[in-house]
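Reading through the structure tokens given below for one structure.
Letters A, B, C and D mark the chains as written, and numbering starts fresh at 1 in each.
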Amino acid sequence: MKDHVRPLPSYLIQRYQGWKATTYAENRNWYRRLAEDGQRPRAMVISCCDSRVHVTSIFGADQGEFFIHRNIANLVPPYNPDGDYHGTSAAVEYAVTTLKVAHLIVLGHSQCGGVEGCHAMCTGHAPELEDKTSFVGKWLGILRPGFERVAHLPETERQTALERESVVISLENLMTFPFVKAALDAGDMTIHGLWTDIGEGGLLQYDPASGAFLPV
Amino acid sequence: MKDHVRPLPSYLIQRYQGWKATTYAENRNWYRRLAEDGQRPRAMVISCCDSRVHVTSIFGADQGEFFIHRNIANLVPPYNPDGDYHGTSAAVEYAVTTLKVAHLIVLGHSQCGGVEGCHAMCTGHAPELEDKTSFVGKWLGILRPGFERVAHLPETERQTALERESVVISLENLMTFPFVKAALDAGDMTIHGLWTDIGEGGLLQYDPASGAFLPV
Amino acid sequence: MKDHVRPLPSYLIQRYQGWKATTYAENRNWYRRLAEDGQRPRAMVISCCDSRVHVTSIFGADQGEFFIHRNIANLVPPYNPDGDYHGTSAAVEYAVTTLKVAHLIVLGHSQCGGVEGCHAMCTGHAPELEDKTSFVGKWLGILRPGFERVAHLPETERQTALERESVVISLENLMTFPFVKAALDAGDMTIHGLWTDIGEGGLLQYDPASGAFLPV
Amino acid sequence: MKDHVRPLPSYLIQRYQGWKATTYAENRNWYRRLAEDGQRPRAMVISCCDSRVHVTSIFGADQGEFFIHRNIANLVPPYNPDGDYHGTSAAVEYAVTTLKVAHLIVLGHSQCGGVEGCHAMCTGHAPELEDKTSFVGKWLGILRPGFERVAHLPETERQTALERESVVISLENLMTFPFVKAALDAGDMTIHGLWTDIGEGGLLQYDPASGAFLPV
């Protein structure tokens, strides 16, 4: 490891120093309070790793507001306490049972490369993702049931439809977690499904009554 | 699910509309470019879900710059292609093999509740985390080897030391991924370990030669 | 002072700009009318400083509707024109004699830290509030007669009872102001006592006939 | 009192029920958390009672964010622990010493009736305010030193200048409170002076270096 770990690129160090001298300096007292008193985030957001999705920017959220888990295609696997590592399930468990967040939000987005990969895999165009050793392929398998639901659509409509399925399936899978179900049933938490259009800056929310995504 | 999914709280809708009318409006052309051309992030950051850690803020990173995976305690499990869901490994695989990021950064932080939980578990004070059905406990098990390394320290020093081990162990585990090793060996990517102090706004980086975390 | 006054934290500036581009833009003509013609609020509300009490939200009140005075524990001291500074009395005088509001509303609330402090002080558990230099202790002294009325209750019921006394005592003290009494006697104004439950969103109003607080 | 306290006007009850069914319902879990865990506001705002100034709206602040004191002309009297009731001083003391807010903000505004009254009083046009029994006149006396500073200006410029003095004098008086000074000196709090234009939706901040109010 000694040969590979390097000092941080200087452009990042310079930017960090800019933040330290400005945003940090302006907010130091609040950050110290957060450090001393601990976090008390109001919501958990499950979002994609995609570099174009900035949930804190979209919602003007400052430090301390959102507990954020980010993975490929904002997917939540079904509840499966088999003793293996489940990073997403662990994050949800911590947010719901320890932090007791008031809102649980799944945020999908347009042009999602993960969703595109899932579509390619499900239509036989990405054999490399079907390889047993592909973590990405295996992970995107969570979204396979979504592909079944959009397979009848014209191909041009499938990407967006599947992106929205990535939100709906995550919501459905979240319902299989006993502690999520319990918090929802007790009225201790609300759950929300969103999809944002990167290029147009749009924001739609899942309406379970109609099954559609409607503008907020 | 129909009974539980709710419209987004109005304070978030108002803030979103504020973002749409300002930040989005100012950057619309860039966001459209990002939507049309796809993302091309320079770095992947693996960070904690903690609401007090805003890597984009600290580094002044705008949309498109960082591919960000966030999980509890910024942990990467060892390479283990066993056919199960591995959200973290999938994110790393996608960043390294598809996006071909230039930098891979692991960012730990002070006052980490996950690390605190690991310490409690390893010292026998958190039996609930040792329960087979605890996703959090199982996940924090990735950090157990780190506890062995800090167990000899006075208790007051262990939390910070273990937070830094969460970075070092993730770096070590990343080395076990063949595609990470290959990218590093080929000189196609650099890897970095960071730890930030929430209250003081400090930023230290791992120096493998000394084994210490030094100010950037 | 030069060393201490700082630029506003940027998260607030961003949110302000969001408001300017949305809520302000939508209502500009009304805000301009309010600026040109002056305010003509229908009611004065005396409420607590507590960050969890948003009277404008609870009553859907927009700019121009409520003249709002907020102090610790929504207290009004007795009429005492001794030539000292009386911020609360000045606000009431201005609302009643200059603005001629139609309704004067005192709004108490659950989990009131000020009321809790008064209880601690009256039971001898907060000597620091009895210190001559404690502004908070002196201010909460307005509520001392309320403590006498609830002291016979079991301790678990006293906090809520004392919160309601903070409303009743303010109403009683308001009656000692000649201009308040005159406006009420002339039928030019009505007066109201309310108490809101923060967690449950409840709203009760004081019924002088029974002496109880009843749901609206 | 029995004859004067009335049921709440029905238009307010209707609006409350609207809030209960919408905003409250959407945020119930967060409000419950706030009720159970207590408030932890990031900032205290000292603002005017004026019905046209909605600090929570301007800054998109939801329940729990700002501890708000509102009085006539957003004035803070000088530190004077004489054992009398000082509602403003009590609110500042509570925010700084108990809540330990990170930011202390004084917000003035255009078309301030209190400031206009002070100007009339200082130029001999409001003898009723000079009456010993006028709470408003006495209260506005806090701003008299500000009148001295703007008296040389053309009359058309004095109203705005005096509104800004109401902010500056409050900041100066805040510095006379030992606990405010101590929190500022220790770097535990920052202090800010703002002035908003009601009709234009503008927001300026006090720049102590130049003595001017500059756009944020």
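Worth a mention:
Convention: contacts are C-beta pairs under 8 Å (C-beta built on N, C-alpha and C of every residue); 3 or more make two chains touch, one makes a residue touch a chain.
All values derive from a computational prediction rather than experimental measurement.
Most remote from chain C, judged by the distance between CA-atom centroids, is B. The interface with the greater count of contacting C-beta pairs, when C-D is set against A-D, is C-D. Here chain A and chain C face each other with different sets of residues for the most part; under half of the interface numbers are shared between them.
Centres computed as Cα averages put chain A at a distance of 40 Å from chain D. Mean C-alpha positions place chain C and chain D at a centre distance of 13 Å. Among the residues of chain B, those touching two or more other chains are numbered 6-9, 14-15, 18-19, 23.
Put simply, chain A touches chain D in their complex at residues 26-30, 32-33, 37, 40, 42, 60, 100, 102-103, 187-190. Residues 22-23, 26-27, 30, 60, 62 of chain A touch chain C in their complex.
For chain C in complex with chain D, the residues that touch the partner chain are 1-2, 4-9, 12-13, 15-16, 18-20, 23-24, 28, 31-32, 34-36, 38-39, 41, 44, 49-54, 56-61, 63-72, 75, 77, 81, 83-95, 98, 103, 105, 110-111, 113-114, 132-136, 138-142, 171-172, 175, 184, 190-194, 197-201, 203, 205-209, 216. Against chain C, in their complex, chain B makes its touches with residues 14-15, 17-19, 21-23, 25.
Within the complex formed with chain D, the residues of chain B that make contact are 6-11, 14-15, 18.
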